[in-house]
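Structures are listed in the sections that come next.
What follows is a pair of complexes built around chain A, which joins chain B in one and chain C in the other.
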Partner chain A sequence: MLLRYITRRLVILVPVVLGVTILVFFSIHLVPGDPARSFLGDRATPAAVAALHREWGLNEPIPVQYWLFMSRLLHGNLGQSLFYQSSVAGLIGGRLPVTLLLLLYAAVLSVLISVPLAMAAARRPDGIADHIVRAIGLVGIGMPSFWVGTILIIIFALRLHIFAVAGYGNGLVGHLQSLVLPGLTIAISIAPMLVRSLRASMIEALNSDYVAFAKAKGATAPTVVMRYGLRNASISAVTILGINIGFLVGGTLVIENVFALPGLGSLMVQAILDRDFPVVQGITLVFAVIVVVVYLLTDVAYALLDPRVRLG
Partner chain B sequence: MKGITRIATVIAAGSLLLLAACGGSAAPTSQTSSSGGPQHGGDLVFARTTDILSLDPTQMTDNESIWTAESVYETLYAATPNGRQLRPWLATGYTLSPNHLVWTFSLRHGVEFANGQPMTSADVKFSIDRVSAKASNPFAFIDTAIKSITTPNKYTVVITTKYPWAPLLADVALFANGILPDNFGGESQSQFFTHPYGTGPFSVSQWVKGQKLVLVKNDHYWQKGKPYLDKVTFTDVPSDNTRELELQSGEADVDEFPAYSSISQLQSTSGVKVGIFTSSRTDFLQFNESVKPFQEVAVRRAISYALNRKAMIQAVLFGHGTPANSIISPALWAYDPNSPGIQYNLAQAKAEMAKSSVPHGFTTTLLVGSGDTTETSLAQIVQQELKPLGINVTLRPVDPNSEYTDIQNGQYSMAFNYDTTDIIDPDELISFSAMGGNTGQKTHALFTNYNNVNVDTWAQDAERTFSQSARQALYNKVQIQVANDAIMAYLYYSPFVYAYSTKVHGLDIYPTGNYHLENVWLSS
Partner chain C sequence: MSSPSLTAVAVVPVTRVPVRRRLPPSLIIGLTILIIIVAAAVFAPLIAPYSPTQQDLTNILAGPSAKHWLGTDELGRDIFTRLLYGARTDLSVAFIAVLSPFVLGTCLGAAAGYFGGWLDSVIMRIADVVVAFPFYVLVILLVFVLGPGTRSIYIAITVVSWVSYARIVRGGTLVAKNEEYVLSARVAGISDRRIIFRHIVPNVITQAIVFAMSDIVMDILAIVTLGYLGLGIPPPTPDWGSMMAEGQSFLTTHWELATIPGIAVVITGLGLSLLGDGLADLLRAE
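Moving on to the complex of A and B:
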């Protein structure tokens, strides 16, 4: 059942991605700007501009350029970057792990932050702990990421020397260390949403008849909370986390900039500014696939958490 | 419900443990050396604003690529530190035929590439021929005067030009004419550029795109005893804030281009030096003379008079600049201190407007790069300062790429721009920024559509004149004419600013922005 559902959703991915390629290809080609002039700058002699347009195939009609792009794509070739002397696949391949690892880190840390806070708040609604957690949430949601990132750097890198200021480190351990502060920065921006949703769901769950029944049966407090409260409450948190994946992917850009991480976000912005069409198209394709796959995983997680949910 | 609190505490403690477990010491390693002179060894970490795009000298257009490549590939001649003269580098000298067409260069003996192969004339011919091999090569224009290159023997290179061409020595000193091994040392072009090397003090050891580029010492370097450093690591750190924090923490030794607003704070930070170096950059407000009423000299002069340069320098450079009086920066030998570049004088501005066909003002637009805080601040100042002339300026924000394209396609009335030079000869700058129509590089005086036959003639004469004083006189005429015609409203000359650790010695930024890392050393 689940396998059939996943297969069907993966098949739906094809028209979605096709739609994204059409939208991105035509929108990036229709906005003003010229990669040749960007590449040459003020030294753009007419001869060099014309030669680059020929070399890059930019003098072909847009539909022809799209057809060439799609033919290459169907052969598994994302093309060649106009600016970097490198293939688009190579560029993306080098940066995708950074972004994926950062997203994963942010998701894990946001759960690690949210769950204890939500539990503390749900323990006694409108109690002191609840008010403090809600106040922290408001402050957290109001702080811009670049500021939070800078403050974390000043505390943990400059003052305490626990982490490096920025960069991606060397080797797997270095990479994992370097992503703690950026991951934490993103987590701080999503955690307030998760805390609010978890708190509300937990209060509802802990006041439900089945929890009262469990207590009456003599279940211990940890069992009640973990098995009956948290599990039921986590459905809404998974939804929030899943829905926000698009926001997260966009948010990585600011974080990559602050922490000098070589992820896809920074490459994407530079490629848009330079009108490096093949790179923009390639990255958008990858982001589209990530978002669709995460939505799919969210639905699957839903089914696993709540046996009443039937996928199909 | 006490259990809930316990669980919460355990999870919170787990989170902290995870953070602590992932944390490592970020404290920089220290060096041990104590001699009085330059010390050998060390890894210089150079935090830069952007990524390197290419290491092929014929394909580089971004400064970070160029300034990196100059530590790897070297040229026959090179600029002196003050940028006013050229000195023999991989060549020991040259002779010029009486008809000024044949330049015979003698190559330095004992120069080896980083792989130990000796450099010969074949390498020089191969490298310089590549620059203009394709019309799309960004610096193909620099070698257009070259007719042929021959190599009578291993240590002689003969460059014959199509016509007498005075800037040739400066042209061969351009990074694009840097020397690579002939035929890429037997490798394919793509293979070679994965680990490029030249005769320079360093060669490329690792390049992780978007992250870092590591240079290692060339043990075969011809300047004995140099370079002092074992390694140079260029990191890409786009955020101004983060570069500063890296410098303060000791993770970076050099911060490329700290924000002007941070200079005074950095100057008072212990362990940090701020270097302010003269550059060839001139910032200006340019006019499109194809759009009415900017074809009128009086209008352009009126606007130029109305702009308070000192206020602009204070607002965007925090005082670290000087008002510009010429299109050529004082960093170049051809700069004329007496060039009559217009300065702030509101009464004169009004008098010029009165002479124009629009004495009571007009409405126009100003192109502004969106997200560019400097241009946005300047635009607001221009908007305010042109009001007394009755000129109503509407700001037209566009993204930086569209800004380039609009300027180059003539889709603008006024726009901010700047010019620098890649060579120390004024020819490149003047041929792009002052020569009009179909002369020079055919960029219509930096897309202003200014056209003055006298300027074109003087500039062309200067290209074919070999006496320095005679060339200076010609360039003075050019500077006076374009300043009087207010081809642009020259705003200011700004410096190159670097902040670096007090452990860093010998870092000198030349007016063209490059540096000689073989002279840099780290103290303990």
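Moving on to the complex of A and C:
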């Protein structure tokens, strides 16, 4: 049953992944003028421009270009960087672990921040705690993530000297230490969104029949909140986090630049400043693939945790 | 068509208390915040004591004083002035940027929901593809390939954010399509286009408008973030994001440079969120 469910989800993903590759491939044709000349700059020799035309197949009809792009992609070839003497895949491979570790860190921290806040709010809707949490959310939703990061740097690095201002540290312990502030920044930035959805789903859970039944059996309020509210909240937290993975990934893209972390996000912004199109294109594709894979994992996790889904 | 009660009112003059519907407090507070910020942006040239690019070279990185209320930056430019002009840039770009995804998403969502079939499948599959990209990744890619400037920001935000409107309006249309008033309009032989735009859209658009309030917040954050990363509106146009990026070099000595513009963003976001919540309350009450 579960296997059939996963297969069905995979089949649905095929057109999405194809669409993603088409959009990423086509982005080069949005460049005004000749893309090869645009990226190589005004001082490029005609021979260099012609070579790039050949390499990217720009003289071929567009369907052929897409075919070339896809056949390269399926061989794991994302092209050559225009700026570094390196393949795009190699550059990305070196940076990916930092971004993935930061994503994981941020995901864990955002659950640790959001779930208690949502629980406090959901216990008594329209109570004092609920109003405070909602007020925090209203203020928090408008906070630019890099601004949160800057404030954390000012407080914890420049004033209290607890963490380094920026960088990735040395060794695993150094890495984990240097990711605390960036992870916290991302977690704080997306918490308002998570708390909002979590609060709603917890209120729904606490109003359900089985909670009423548990109360009727004499379960105390804390038991109900912990046993039933929390368990259901953890399922919704996984789902809500999965749905919002795009914001989490977007957060790492921005925050890596604030804290000078050597991940994909800082590489992407650097590549844009260098006008290194193949690198920008490759990273875009990798970010989209991360999101699609997380969507799939969320669906699977949800099906594992909640048997009702599999039957639907 | 005079009913007895109306006649009675006409005969016996009663001081009629106007029926006043109580507006949600969040609507009033949100609207007030927004009006103040928009007024500050619109009248920036009248309020601001200096020009946004004017340099006071004897007062570089100065603290707050009577001459410069919020101090000056590393080029001796007045921060209060640049904050006001930054509001002008960022708010106008955000308010314009929200329009085209709103219109595009509403049209596509209504068409998808109303006609269904292959049109619905195609539109919703394209939406799935767009959502597979993290918001910032796609916006940054598009602004990069289209070249710097506000035009690219408008296009990028349109490509990325029409999806939410389409999904909201499609959902509403699917429900409305089977309501009595639409079915009878169909029986009466009214054209599909007229049914969609005159009967369905006015009924389902309210949710999209509420969403638009939080979407403007997203757009402001995107514009400010692009500015911070050096990919947004090119200098010397004052923009809150690039102001904060410039202040980044002086965190140890002048932390306020990198943080004050952020407070402006937060207050604007608060105003818009309160307005959105208030609107939602108001519409729910009706």
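In this text, the second predicted complex is superposed on the first by the 224 of 312 C-alpha atoms of A that agree within 3 Å, B and C clash if a C-alpha of one lies under 4 Å from a C-alpha of the other, contacts with A are read in each partner's own complex, and residues count from 1 in each chain.
As a working rule, a residue touches a chain if its C-beta (ideal position, glycine included) is under 8 Å from a C-beta of that chain, and two chains touch if they have at least 3 such contacts.
None of the values given here were measured: they were computed from a predicted structure.
When the two complexes are overlaid on their common chain A, residue A:47 makes contact with chain B while staying clear of chain C.
Looking at the shared chain after the overlay, A:213 reaches neither chain B nor chain C. Look at A:249: by the touch rule set out above, it reaches chain C but stays clear of chain B. Measured by the number of chain A residues touched, the leading partner among chain B and chain C is B.
Touch criterion met: A:257 reaches chain B and chain C at once.
Look at A:32: by the touch rule set out above, it reaches both chain B and chain C.
Applying the stated contact rule after C-alpha superposition, one finds that A:166 touches chain B and leaves chain C untouched. Shared-chain residue A:158: touches chain B and chain C both. In the superposition on chain A, contact is made by A:273 with both chain B and chain C. Applying the stated contact rule after C-alpha superposition, one finds that A:116 touches chain B and leaves chain C untouched.
Common to the chain B and chain C interfaces on chain A are residues 31-32, 146, 150, 153-154, 158, 165, 257, 273. Across the complex, chain C meets chain A through its residues 125-126, 128-138, 140-142, 144-147, 214, 217, 220-221, 224-225, 228-231, 241, 244, 248, 251-252, 255, 258-259, 262, 265-270, 272-274, 277.
Against chain A, the residues of chain B that register as touching in their complex are 1-9, 11-12, 14-15, 18-20, 22-27, 47, 50-51, 53-56, 59, 61, 134-141, 193, 208-212, 235-239, 241-242, 245-246, 248-249, 251, 398-402, 404-406, 408, 417, 419, 432, 441-443, 446. By the touch criterion given at the top, residues 15-17, 19-20, 22-24, 27-28, 30-32, 138-139, 141-147, 150-151, 153-154, 158, 165, 245-247, 249-250, 253-254, 257, 268-269, 272-273, 277, 280-281, 283-284, 287-288, 291-292, 295 of chain A touch chain C in their complex.
Across the complex, chain B is touched by residues 31-35, 37-48, 50-52, 54-55, 83-86, 91, 94-95, 109, 112-113, 115-117, 119-120, 122-124, 146, 150, 153-154, 156-158, 161-168, 173-174, 176-177, 180, 184, 220-222, 224-226, 257-260, 262, 266-267, 270, 273-275 of chain A.
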